[in-house]
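Before anything else, here is the set of structures, which you'll find just below.
Two complexes follow with subunit A in common, the first pairing it with subunit B and the second with subunit C.
Right after this comes the complex of A and B.
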């Protein structure tokens, strides 16, 4: 198992990345102008009242002291109390993460279900200039359109016309799973659009690359049907770059739902982070950004592992010459 | 027959445009449903049902659910469902009975309140005179900014089984106005002092509703308070409140019927809902007003010179600001909110009478030609940034170049408030709640009382004295005269210059709810007449 040779090193570097990220996240949060006391007490409050509030949350301590304390508690799974709600951040995240995770999973399903067939179709019809151009244009538009634009248009159209889906109500999947899935359908689609486009493009390119390889010509010479060739020869070999992209997309969907969640009023991690930033709710900002970073790091690690399993040559390269 | 793609696209586009854009865009109904009201509930409709309300932001829980420290209009609205005050304001800003069934002003320094005998807290305990006395005293002891508005209360005495007497150390005409807002709510003092109720976490008031569920920044559920003496007359059983920060989402919720009643800061909501046949949109004029900070504390800034500040003040065309940034809904105002009785006439302010030549001369005399000023505003609402851009163009005519910086709320507060170090920015845009008495908001121009202005406002003993005098004069012509003098002094000093009122927009579904909405509001309470609301679909 060559993978076991390089995996500990990758895990160690992941931990170093997370530690560095935690320091950056802490420093970035505290360097924002204004603080929590400003927001919660409002402009009409006295400086005395603000000082008192800062002291009550321990913000009067030195920044290194605060960082060490926070990191120590975070390692034990304690991210402190949300300044805004006075509830443990861990509990707040636990209630919001499943919503974001479900939204991301739905986005992922849509991405794979639409993006991969679209890419295969485009790759197999690359000789057809009009179809090839059309798929390129569509995927470019899909990647280029900002989520807030697509989201706003969707919210407007679905609220103005009766298409059978409402955008003004979020139903918690924990209360009604079916209705929850339906209420997340449009936000998931909006999130998935750039991912579908990127996946379609990556799949198309991978398919084109595989189609010119000799074993495809051999398969055709053997008289295998086009469907069989695509399923058994093209897709399998085109999978590696798509798999890499898919993992990155999953991390993006989990951590990047900020705009979509706000536009569709989905109470997930993204909208939670926006609220926390606007209030300088430091424990929440630090915990959510650290969690998002951890997701990216873990996804990256997962891709490395999967790629190493699928194509051992990659593992050899990662382990270094002679490994 | 094959339809070509461009043709099909044109047909679809034409269909969408014809359905989305109304032929003529109607403004909110200019006519009131009744004097002082934009809408009046149909009381013939049966009571019951659940009302769905969409608001833009929640209370901030770390400040607690304690009404004494509530500083935002949404907190006042939400807490106002569960708490009541001694007096209330009516649609004409007159004071009407609340928990006090009547009151007598014995002298300018003595107010006697006779309390309702049937008021009961939501835990079932009847309200007593001790609760009233204790609530006012606890507010005075708190660090709440509303304690300042309460005025010079010397004592609160129980003078009868259901009677409380408030004595002042000096006359204070705005006392009733201060007692009418949620921070002065009557609390279950006995339980609060015994520690059996934590006011920061639990709302136990005498109001018509009890909060039965709350998820911070997401939602509230209020149910009818069965102990309320008027429970049988309350029109809606349950209120589900969704906190929806995104304005477009609230618009969508009104369009598709998810929301029955929603609030909007953006005046464009009037137009954006114009094509929705079931939605009725009304403007609610507030006593709140936008103002401009002209920082006089920075000795290196041109605004250190009063002549430059007056020139900037005079160069701003408020009507144009209102037309372009607020769809014409904002009303030019002086420091006394123009919608309140006794308010001064903004057209007669010193800055309003200066010609362009006089403005240029003021700048020239101060040596302030071709100057650059920084303007900082915040991004929570769309209007301030738009106002900033229009002011930038208006001042350009007089050789004043404005550099605009838009920041978020905490950064804005850090820039202008809370410390005695001079702010670095020259100009700021913000807004004040105007409350229910013409003299209340003017306290924020008294540098001895409003210490939070220390970063940008120098003030003067004369101005401070005028603010105090305005709060002491009894209602009448002499008070109106003092208020006029106060407006002129604020305008001339030009350190915080009032611009125009900050109206709100309320939309509701006519097929879902029949609400009562007052035309003018002083405390941002969007649900002031909630007990009158009726659901149109209730059988």
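Right after this comes the complex of A and C.
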């Protein structure tokens, strides 16, 4: 197994990146003004109570000790108390994380389900100059559509005219899964548009590269049908660069979710982060940023391992984001 | 043949710039013209007050576009056209300043990483990897939490978001250049390290810097827009395209022009920059990567 040769190094670098990111997040949290105990207990609290709270959270220790404590608690899922609600950050995250995860997953499904077929179609019709130019301009328009502009316009159109879908009314997927999916469809589509365009373009370029290879000519000579060739020879090879792109798309969707949740009023992790930023609720900011980063780094690790299994030629030197 | 005549070779900078623009295909030329028009309009707005004052209340609230107010008026009765021009100025200036800063950092650290390799290069690349682990808007929010909402937050986020990919691409290009014979021969001839980097490596990675800088500009506009849209970038009474979209979103139903105008300009600017970036990439190095953000 070649994978065993690079996997330990790749795992090691993922751990280093996560540690570095957590250090950055911790430093950002500590550099904010304001005394934690004072904010949680209020200005009228007794000095003893404040000292006790600081001790219970380890604020009386040295910064490196505090970092280790914070990280160890975070690994166990304990992110401390929210300054605004005085409740464990974990509770709020537990109810919001599934919504954002579902939103991002829907975005990913839409990206692949629409982007790959578009790319294959465009890649198989490059000889037509005009269609090729159209592909280029359409895909460039696609990646140039920011979700806060498109999202706002979509909200406007769907609230002004009746298209059969309502916007801004979120249905929890936990209560009614079908209705929940439907209510997340527009936000997922809005943030998937740039990803669809990028995926289509990457697929198109990969298909063009594969189509000129001799084994395709051999397959045509053997009399295999175009559909069979595309499914069995072209797609299998063309999907590898697309797979590497999914890590970048994941980051885009995780970030895009923040804006889209804001636009469409979805109570996910992203809107929690924006809310916390407004209240300078730094335990929440730290927790959500750490969680998002960890999800992204682990996803790109997964993508790298998958790529390594599918295509043994891929060396791990082709480090992606978070590598 | 005409290009080889002495007359043609002695053309001025304007003529040469014109010839360079003319050497691109139709889409890219159109993109360059559109971007130039946006910049000129923004300059006219901020220098000569084209369209009126961006802060004065001149008419009734939420007026639809008319002859007096070409893009209508906003929720306070200010004319939207000068606010749009002010927004374009802020967005472009902020993004351009951030990208220049990012390019400077990325060029220095990328060339160092590519030339020295080993531990120095590894450390630089590792720092870049750590910054890459944050989705762009998440990093921007973290920055806004530390430095507080405002233009500085937007500027710092753009730099932090764009530097890693640029550093990596410049580093890869510099690494390839550093392994070529003319560098070895320059080292043997006793050329100092600084001269080597500036005179021999920098010109050979300039194409990469140009391509990545162009892409970084479109990322910058997106990040500034996203952060300002969330309310933590450029603050009122200043205007930026993202902020105008956010303001417009509130009055979307009554006054759609408030959101459509800045939204359309934002999309057109990003589109134009992306088209130019793609052309530069096709010309210099088709293998260059771009970020999606």
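Keep this in mind: the second predicted complex is superposed on the first by the 267 of 323 C-alpha atoms of A that agree within 3 Å, B and C clash if a C-alpha of one lies under 4 Å from a C-alpha of the other, contacts with A are read in each partner's own complex, and residues count from 1 in each chain.
In this section, contacts are C-beta pairs under 8 Å (C-beta built on N, C-alpha and C of every residue); 3 or more make two chains touch, one makes a residue touch a chain.
Since this is a predicted model, take the numbers as computed values, not measurements.
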item: Touching partner for A:262 - first (subunit B), second (subunit C), both, neither; value: both
item: Contacts of A:292 with subunit B and subunit C, given as first, second, both or neither; value: second
item: Partner chain(s) touched by A:116 [first = subunit B, second = subunit C, both, neither]; value: neither
item: Partner chain(s) touched by A:278 [first = subunit B, second = subunit C, both, neither]; value: both
item: First, second, both or neither for A:47, with subunit B first and subunit C second; value: first
item: First, second, both or neither for A:140, with subunit B first and subunit C second; value: second
item: Touched partner set for A:20, first subunit B, second subunit C, both or neither; value: second
item: First (subunit B), second (subunit C), both or neither touched by A:155; value: both
item: Touching partner for A:32 - first (subunit B), second (subunit C), both, neither; value: both
item: Shared contact residues on subunit A - subunit B and subunit C; value: 32, 152, 155-156, 159-160, 262-263, 274, 277-278, 280
item: Sites on subunit C touched by subunit A in the complex; value: 27, 126-127, 129-130, 132-138, 141-142, 144-146, 218, 222, 225-226, 229-232, 242, 245-246, 248-249, 252-253, 256, 259-260, 263, 266-267, 270-271, 274-275, 278, 291-293
item: Residue numbers on subunit B that touch subunit A, as the complex places them; value: 19-20, 54, 60-63, 71-72, 143, 145, 215-218, 242, 244-246, 248-259, 275-276, 380, 407-420, 430, 444, 450-452
item: Residue numbers on subunit A that touch subunit B, as the complex places them; value: 32-36, 38-50, 52, 82-87, 152, 155-156, 158-162, 166-169, 262-265, 267, 271, 274-275, 277-280
item: Subunit A - residues contacting subunit C, complex; value: 13, 16-18, 20-21, 24-25, 28, 31-32, 133, 136-137, 140-141, 143-146, 148-149, 152-153, 155-156, 159-160, 194-195, 198, 248-249, 251-252, 254-256, 258-259, 262-263, 273-274, 277-278, 280, 282, 285, 289, 292-293, 296-297, 319, 321-323
